[in-house]
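Got some structures for you, see below.
Look at the two complexes coming up: chain A is in both, with chain B in one and chain C in the other.
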Partner chain A sequence: MDFQPDLPIPISYVSGRYLLFSIDAVTYLRREHHICGVLIGTLPQIPQQNVFLGLPLELMPEEARLLVDKGVACIVDEAKAHEGMNTLLEEDRRRYLRDLESQGLHVSRIQSDRKERNREQTLKKLEEKKAKAKAKASAAAATAQASTVPEEGSSTPLPKNAAIVDLFNAEGRSSSPSTGSMSTPPQAATAITPATSYPPLSTPPPSTHLSAPAVPSSYPLFAHLHSKGYFLSPGLRFGCQYMAYPGDPLRFHSHFLVVSYDWDQRIDIMDLVVGGRLGTGVKKGFLIGGAQKRIDEVDSEADRVDTVRAFSLEWAGM
Partner chain B sequence: MADVDEDAIKAPANASTEPDVDLSDETQDFRFLNHLNFFADASPGIPRRGEKDFEPNPTELQADVLSASRGAMHNALSYPRLHNTKTRVVAFYAPDGYVPPVKTDRATPKTGGEDEKSSESTPKPPRPLPNSARISPDACVYVPNPKGQFFKTMGQADSLSRVWLLPEEALYLIERGNGLAHLGPPAGPGEEDLSVPMSLQAAYACFMGHGGLTLERYSVYTGLKRLGYALLRAPGWCDDLVKEDADASYATETTPPTLHGPGLAGILGSLFNWIHDPRSTASTATGPIIGTGIHRNYMDIYRKLAIIPWYDPITAPERHPADTTPPFRVVFHVFKPSTPFKKSAPPTPDFRVAVVSTRDQTTMPTMTQLGALLESTPLDPPARGENGPLRHGYRNVVMAVVDQGVVSYLRVADSAFGKEKLYENKGGPQGPKWNRNQKPRKR
Partner chain C sequence: MVDTQETTTRPSASAITEHITEKGYQSPHLATSAQVQHNLEHQHLWTSIMGDIIPGQAVDSNTLNKDPSQPPKEPIPLLSGYPPHRVYTHPDEQLYMLENGIREDDLEPERMFVIPTTQGQPWTLRHMAAVFDRLPEFKQKVEEHDRFVDPTSMQPEAEDLDPQKAGKLAQYYDKKEKSRLTKEWGSQRVLLAMVDKGMGGDGTVAYYVVHEGEVKPRQN
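Now for the complex of A and B:
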């Protein structure tokens, strides 16, 4: 659980966006660096819904920049890195394929074990049902016999239960074809699509890392709130730039709708009214802020973060 | 501080007070996935919304619940994408796309794949075969042995009955755990099979950016696919679309605009008639607009008061997608799950979707851009007697606004206020309450 990946963590730069494919990196960054990102992939277990999503994780450029500036992550051009796939040595390919196969065999074994257990349980239930029916139908003499039947079911099915077994097998076959493989014990390996390409690819050398991501003018406010322990996520759906959560969004509701302004930017009073009312309406504060110094007044983006001031608005009359 | 069981008790009450809660709006607690058995044959349901705490406190209970949530998330996300031997769909990546066969050889699909690769170096002009004509030049993955429900709405078959998939289709199948793609061609007979299966990461690296596929477009595609919709690329997919592309397939889709309403000329004509109306005793220049005659009902008066010309969306000519400015351009045709769908002859789309990325496009569309976008969609007038014709509009388009992986859908409709004459409704005020010309509505 508390796995510590090798630093810096490579962030995949794919078609202009920043993605993470390694579950260990995702968990680690969430736990240690309060970086959540947005899951955008389909969860293979339950693929027909949008409530729980899976890998990859998309990071905002702000998040990627923050991690790179902290020295926790680096940016890797994934399309270029994957050109290495075609030049993989035959030996590496063979080893990789062997690894995949052994993993697949392992999964197949787990699955068939589970199926076997499920089958036994179902058989047991069937037997119990049958026993109850018999008990009802026949006289007291039959009741004594019924108590012995479940025991039979829990051990290997006897020939007299063969009909039920056949029936069950037929059902199993129609619903999931892999049930049939039970009769042929040495199963074929289940094929696996791994989440990442490392291995077989080797970690790209630091010389190939891309430069830190370009960030919008709202970055100082983002970094400021992050440094205060807030978890931030994209907020357009809620009518703001970022949502600020006091803790992990898994367990906490957000507290602020965040909008960033430049220090000497004129703010339309209507925007404040709209933001204030919206925020109060959903029991959140409307937070505006920005860096007091422009980028040409300081040495680096990090120095600007220290000059950020933020204000929160609440609609008191509601 | 509620634990799982309490959450479950609270949930129904919650659901009844807020019936419109969209669970995907907020991060859900992955612990609820623990209740599902992924190996079960029956398809698992989706857990209910749980309660969250207001703010962190230093209690160990809260720390435990949080670490349990994270653990559940970790487990759910590390679940592998598995392909059973019997349901496995194997695909092969061909970065150069579909190359029509040099001569129609009746080879087996496998060796056909080899021929395909070897003939890559000599690109032949595509010969329009009945089947392969529909294969997009952007298709880059082929499935020699297509099986399963997915190919009802995805891919196009070539003359060797291999199904060619677009990058988004292939990526969706891989991500879903239903497809297994190999880098490179299949091994020939007798060769050792050393083609490496693609990882999810490799699939993203290879397919994203291929043939105009952006992460935003893919997010919309896969989000709607997960909900059961069928999607096809619209003619406006290519950003560098030119008008000369207007081929037969587009022409059949356009319906010539028919004049139903009076239009601007009609209004002026009636105004002109009214001025010369013998019953009227005055013109607007010299007297009251409605004249000084005897008025027997309000309808006549309102009709005479309506002298301001109004916009009639029916008279607007339908425009070619090339007239629109990306990203305000329809890129997907979306079909409801209930719409009977045939790959060879797709029905009229239920929705037309334009995809906008907030990081590339930070401003609202201008009226010109929005007008062009709406006019590039065919006329879809509200049905007769439909409740709320203003809301439905005469043309409509769905804008999918993608903010770093979070998608918001907005429906924009072209309403005709001049056509809905309120004074003709006898039973007092009717229809929808809103009064804006363009009403964005979240679905």
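Now for the complex of A and C:
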């Protein structure tokens, strides 16, 4: 469960996007570093099915930068890293394919095991039900001899129900009698599509890592809020720059709509009303803030993060 | 016909315009301040309203752009007064009050600070920070003034309070004092009052609570 990936985690840089393809890395970053990103993977044949998206996970440049600055991740040019694919040795290729096949076998074995277990459970349940029904019927017969005919009628629906349950189960695994009962013969390996290409390819050496991502001027505020334990996500849906959640977004409603300003950037008073009103309308605060120093006044972005000041606004209700 | 025209007179100015011209404010900031003060006093029934000014920085100062902790070049007016009801209660404070059966009416009134602003006025994070940096100083000033004016006002009326409630209240004030340091019940806050003075300005003043730092919203 607590998987620890090898650090730094390579973030794939593909045509201007920062992507993660390893589910282990995604869960690790979310759990340990409060980085959620946005899942953008959909089915190529059915792109309109976008309620539940999957891998890859797209990171905001701010998120990628934060991870790189922390030393948790590095940026890898995906296209360059895959140049080695053409020169893959025949030996390596075959080993990789064998590896995939054994993984597939492992998966199908797990699946058939699960099926077998389900089957046994339902069979056991059935048996219990039958036994219970029999016991009930015999008990009823013993106590009330006069009313045997209605008892007969009431006891028949039970096996009927059980038969229906059995039918549904059988339908769910029509092939189970052949695969489930005889697990000794070799099964067809489940086809595996690996999400990452790091087993055949070696992890890219540090010299090939790209430099830290360029970030918008709102980065200091982003890093400041992240350091205070907030989970941040893109705010377009709510009309702001970031959404700040006090914990994992799956468990908490967000607290703030965040907009960053430069220290001497002019703020339209009307924007404060707009943000405050919008925030209060969705039971959130409107948070503005920014770093006191400009990037040309300090050595690195990290120095600016310490100078961030933030202010939260709420409608006063008067 | 001519006679009737001569008898028509200009409508008299509104109360607020009279109020502003009467006082003869030179700076537009102060005129805004006067309008907000008028609104607080007559629409929201605030009492003992006091005004002050956070001085600006000299225009030709070269240090302004270098030092982020300097106030902006414009002076910022600041108002303070006692609202008839509490304007803001932090959610955790509210929970504490509920758990201990303390009602808002039991508590002594609190002075609230207001920054009057108007649409189109230059406003930056520097302005905001300047207000919060100077706030403790102004708070102390008005508290001294309040004690001077009415020394008994700061003490809760102890006569008609049963001892149990008095104990609860004392506990509450202790906790409040502590939370000022831990920021458990929110940090410093002011009201941002916004007046629309442009075309179509209808005298509405919008009030927003501004907290220093990240303070969780009241309803979430």
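Assume the second predicted complex is superposed on the first by the 230 of 318 C-alpha atoms of A that agree within 3 Å, B and C clash if a C-alpha of one lies under 4 Å from a C-alpha of the other, contacts with A are read in each partner's own complex, and residues count from 1 in each chain.
Methods note: contacts are C-beta pairs under 8 Å (C-beta built on N, C-alpha and C of every residue); 3 or more make two chains touch, one makes a residue touch a chain.
Quick caveat, the model's predicted, so the values are computed rather than measured.
K.L.:
Between chain B (first) and chain C (second), which does A:L210 come into contact with in this model arrangement: first, second, both, or neither?
P.N.:
Neither partner.
K.L.:
Please indicate which partner A:L287 is in contact with in the superposed arrangement: first for chain B, second for chain C, both, or neither.
P.N.:
Touch status of A:L287: second partner only.
K.L.:
If you stack the two complexes on chain A, which partner ends up touching A:A133: first (chain B), second (chain C), both, or neither?
P.N.:
neither
K.L.:
Who does A:L225 touch here: chain B (first), chain C (second), both, or neither?
P.N.:
Touch partner of A:L225: chain C, not chain B.
K.L.:
Who wins on chain A residues touched, chain B or chain C?
P.N.:
Of chain B and chain C, B contacts more residues of chain A.
K.L.:
Just chain B (first), just chain C (second), both, or neither: which does A:H255 touch?
P.N.:
both
K.L.:
Looking at the overlay, does A:M270 come into contact with chain B only (first), chain C only (second), both, or neither?
P.N.:
The second partner, chain C, only.
K.L.:
After superposition on the shared chain, which partner residues are touched by A:G279: those of chain B (first), chain C (second), both, or neither?
P.N.:
A:G279 contacts chain C only, not chain B.
K.L.:
For A:F311, decide between first (touching chain B), second (touching chain C), both and neither.
P.N.:
Only chain C; A:F311 stays clear of chain B.
K.L.:
By the touch definition at the top of the document, which applies to A:A302: first (chain B), second (chain C), both, or neither?
P.N.:
After superposing on A, A:A302 lies clear of both chain B and chain C.
K.L.:
Per the definitions at the top, what is the overlap between the chain A residues touching chain B and those touching chain C?
P.N.:
In the superposed arrangement, which is not itself an observed complex, chain A uses residues 246, 253, 255 for both chain B and chain C.
K.L.:
Note which residues of chain C are touching chain A in the complex, please.
P.N.:
Per the stated touch rule, the residues are 44, 65, 68-69, 83, 87-88, 117-126, 128-129, 132, 191-192, 194, 206-220.
K.L.:
List the residues on chain B that touch chain A in their complex, please.
P.N.:
Spelled out, the residues of chain B in touch with chain A are 23-30, 33, 36, 38-39, 41, 43-44, 46, 52-56, 62, 65-67, 69-71, 73-74, 76-88, 172, 174-178, 180, 183-184, 194, 196-202, 204-206, 208-209, 213-215, 219, 222-223, 226-228, 358-359, 401, 403-406, 408.
K.L.:
Quick check on the complex: what are the chain A residues that touch chain B?
P.N.:
Its residues touching chain B are 1, 12, 14-17, 19, 21, 23, 26-27, 30-31, 36-52, 54-56, 58, 60-61, 78-79, 81-82, 85-86, 88, 90, 93-94, 96-97, 100, 107, 111, 114, 175-178, 180-181, 187-198, 200, 216, 233-237, 246-253, 255.
K.L.:
Considering the complex alone, what residue numbers of chain A touch chain C?
P.N.:
Checking each residue of chain A against chain C gives 225, 228, 230, 244, 246, 253, 255-256, 261-270, 272-273, 276, 279-280, 283-285, 287-290, 292-293, 307, 309-318.
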